[in-house]
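I have placed the structure first, in the form of structure tokens, so that the comments after it can refer back to it.
In this document, chain identifiers A, B, C and D correspond to the written order of the chains, with residue numbering beginning at 1 in each.
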């Protein structure tokens, strides 16, 4: 068994069905230092992607492209753009393939992370979604069972979120309030936790 | 004895010396419905005119012109402009003369009033300084003693002010508050009373 | 009073200095008391066009000095008429032998002082005549239109008169076409917040947070009464209705429209008002032949807007589109 | 919230409709979601110049569409970056085979989305490159100048790039001269009052009646701290000092200066600021070769002002003075 367009479809639809309360939580979190639109971005993004699932091709690379395109249309917020960037990078990586071994997912995430760094200009340690990704990648490397992969990713994301809580934000809107951001969860890192939790069947 | 440049000089300087409290009172009165600048206009106007007295020619007409010119420089307020207009009209009337019989003063005031009507576009009955002038002219006609003339003028001005108090203002800034102006003395009419009172030796 | 100013008593003169500093090719300060703004050089061989009035309405009045516009302007204190002297100085500056037209807002002090200045000019053998702008339909009913205040319509009258003078019209022709423009202009404003006269130090009038006043004058003179702040479409409709009642617009008419900000209203909101106004006039089959949106006649930091319509004929349209150049208006 | 608007959710689109209604010869609305503003017709045979960014800053960004300026612009929601799609549409519209320059304010979303749009454009064989405007000296120290926000300096970069493209510069040349402009621009602002995002319905930030914030960003981002409202001369001095510390002005330097209103500040006060700024720069022996005063980059009804300096060389000065035409800027 391996990761296919069908998995992508199911994942998107599953999150879409569960995104309501996550959206509210993320708007509130983002509103404390940022502009409070992270939840809106997620809700609209998953709605758009789930509409796009209907016409998704079997080519996993192209399917990821479709998801990326759907994500670009939600808003100009950073998280949406970074997610679109990640999906596009992953898509490029597996273009022409119908599936990806589970053990290769970490590599896919790595390519996504690289693109996000290139796009957003943030560094590891800046207290962003990048730090969640880094923790996840480290944890799921060499994992070949989808269930274990998901569990490990979720707990890595939780740990990352919590361990960065008392550090200052060094990029994005929250940067200008760096001091005030100490003690607050980064909204993007918190979002990753909730999205992974929502992926549980 | 008759009215000469010397009388004009003395009158201006006398009022100038007594204008302080009148100015405050008129600012307050004008401020209730207008823009509160009537006192400033009077204070500056008599200051300018009293400076002009030093170089006033014996030709009474030219002397009145000088006073008019001094008055034009105070501000753009209606009362100042109308006073300048009045002085100019009176000056034209007696150009070339060194004196005017006291009994002709009413005529001089009449020429001033005509010019003020032409300039300001107000009618008798609009509750303005014109109504004071009308009352004064009616009262001092045929009067040939300067003291009696002044006394009669002052009491006519007081009566005019009081009898118009309960009518509405029909022109100028106060017009737009016509209803509110009922029961309030017109500042211009009140000013005439105080100026005549100040003329008393 | 939250203003970026120095001493209130120096406000007017320092702003004039700023204008001359920013645009030395357009504005120069002159006159015995520094209250005459004028072009750096008079333009020979044309009718002079001048104006004057209270301060605090930039670009009205002096801002419109420039090619195809005014030659000089008398500057009063905030919301107060200049005295006669800078008016006379303006006339003298603009006079090159062909006479001078004075464009005057319909305020008692402005009118009387310009009358006096014209008389004084006559003593120096300068022919100076007046056109009075009285475009505010909210200030008085049509029967008493001579009691109407001059507001943003000044801009059109100035543009028309300036273009006529530049085109070689003589004094009577210039006065006549300026008068024709004035006769064809109607304005109405709406105020949302007051401004503060610097030397007064407190707002000119009070208005509640959810209230507007349609027809309020640019110095805070009462309009047609207070009402609740509703949508811009509703407000624009009320304003347009008043304008149309006063002077109907018919199918095929060519009309110029100015949606003007009073100073503190963002241009975004002016565009919303324009959007509605254009739709209303298009419904009537009128052609908006000339459109302007922006702060063309202000009351310092007053929030609000006005709509001005000028009914056009070929002559007015041609003069409206003729070349003109100042920092606030260019064709 | 005292605004002349209709439904907050329609605010952006209705303002765009108003702009297109007022200036149909300049602005047209396009794009799949109506969020691309563009010239009525593309101009063949030149480098395309586009921009995009959050709404509420008119004339920034889309207002500067016009001859010698922008060809198209992506329009976001109030204070929020447009998504990638109208940016891509703008690039596509402006592309006539010579490449497209994107002028981008230094905000995360704007930058990332334009990067993505450029990549997407490349897939269609359109070469699109970026210049980032980051002129706000208050946002970060010189060592971290890449973290500075783009504010009113955008206007100059747009003017320079638009003029270069119109003059026949190729893409690299256009990008280089726009970058040179950006490198030579410094801005700083001062805020007196907040604005209100229509959909938020309450002021973006609180500020006391006697307080100002020097260096506050155009969305209310913190500046260099609150202080008491003093005289405009004192405030202008503080602003000029910061600009000069960042990039000195020397005797003989030629400099362009823009004193810009944030939306609700009367032009009278901007002239007071200009008066002081010019005196300060004249003291240094600098030549103010180009001066503008007005609302060129706003934050809706925010009260306040900014000062922008651009150090000129012959090329920049020539391009700055080259012909350009939109409702908000004309040479």
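The rule is short, and it goes like this: a contact is a pair of C-beta atoms (placed from the backbone, for glycine too) under 8 Å apart; a residue touches a chain by one contact, two chains touch by 3 or more.
Here the structure is a predicted model, which is why all the values come from computation and not from measurement.
Novice: Which chains make contact with chain C and with chain D at once?
Specialist: The common neighbours do not exist; no chain touches both.
Novice: List the centre-to-centre spacing of chain A and chain D in whole Å, with centres computed as mean CA coordinates.
Specialist: 33
Novice: Please compute the C-alpha centroid of chain A, do the same for chain C, then give the distance between them in whole Å.
Specialist: 58
Novice: Round to the nearest whole Å and give the separation of the Cα centres of chain A and chain B.
Specialist: 84
Novice: Taking the top-of-page definition of touch, could you list the pairs of chains it picks out?
Specialist: Contact pairs between chains: A-D, B-C, C-D.
Novice: What does chain B use to touch chain C in their complex?
Specialist: Within the complex, chain B contacts chain C at residues 35, 37, 72-78, 80-82, 84-85, 88, 119-121, 171-173, 175-177.
Novice: Which of the residues in chain D come into contact with chain C in the complex?
Specialist: 2-7, 11, 14-15, 17-19, 21-23, 56, 58-59, 190, 192-193, 195, 209-210, 229, 231-233, 235, 259, 263-275, 278-279, 291-295, 298, 300-301, 303, 305, 327, 330
Novice: For the complex, give me every residue of chain C touching chain B.
Specialist: Result: residues 33, 54, 76-77, 79-85, 108-113, 115-116, 147, 221-222 of chain C touch chain B.
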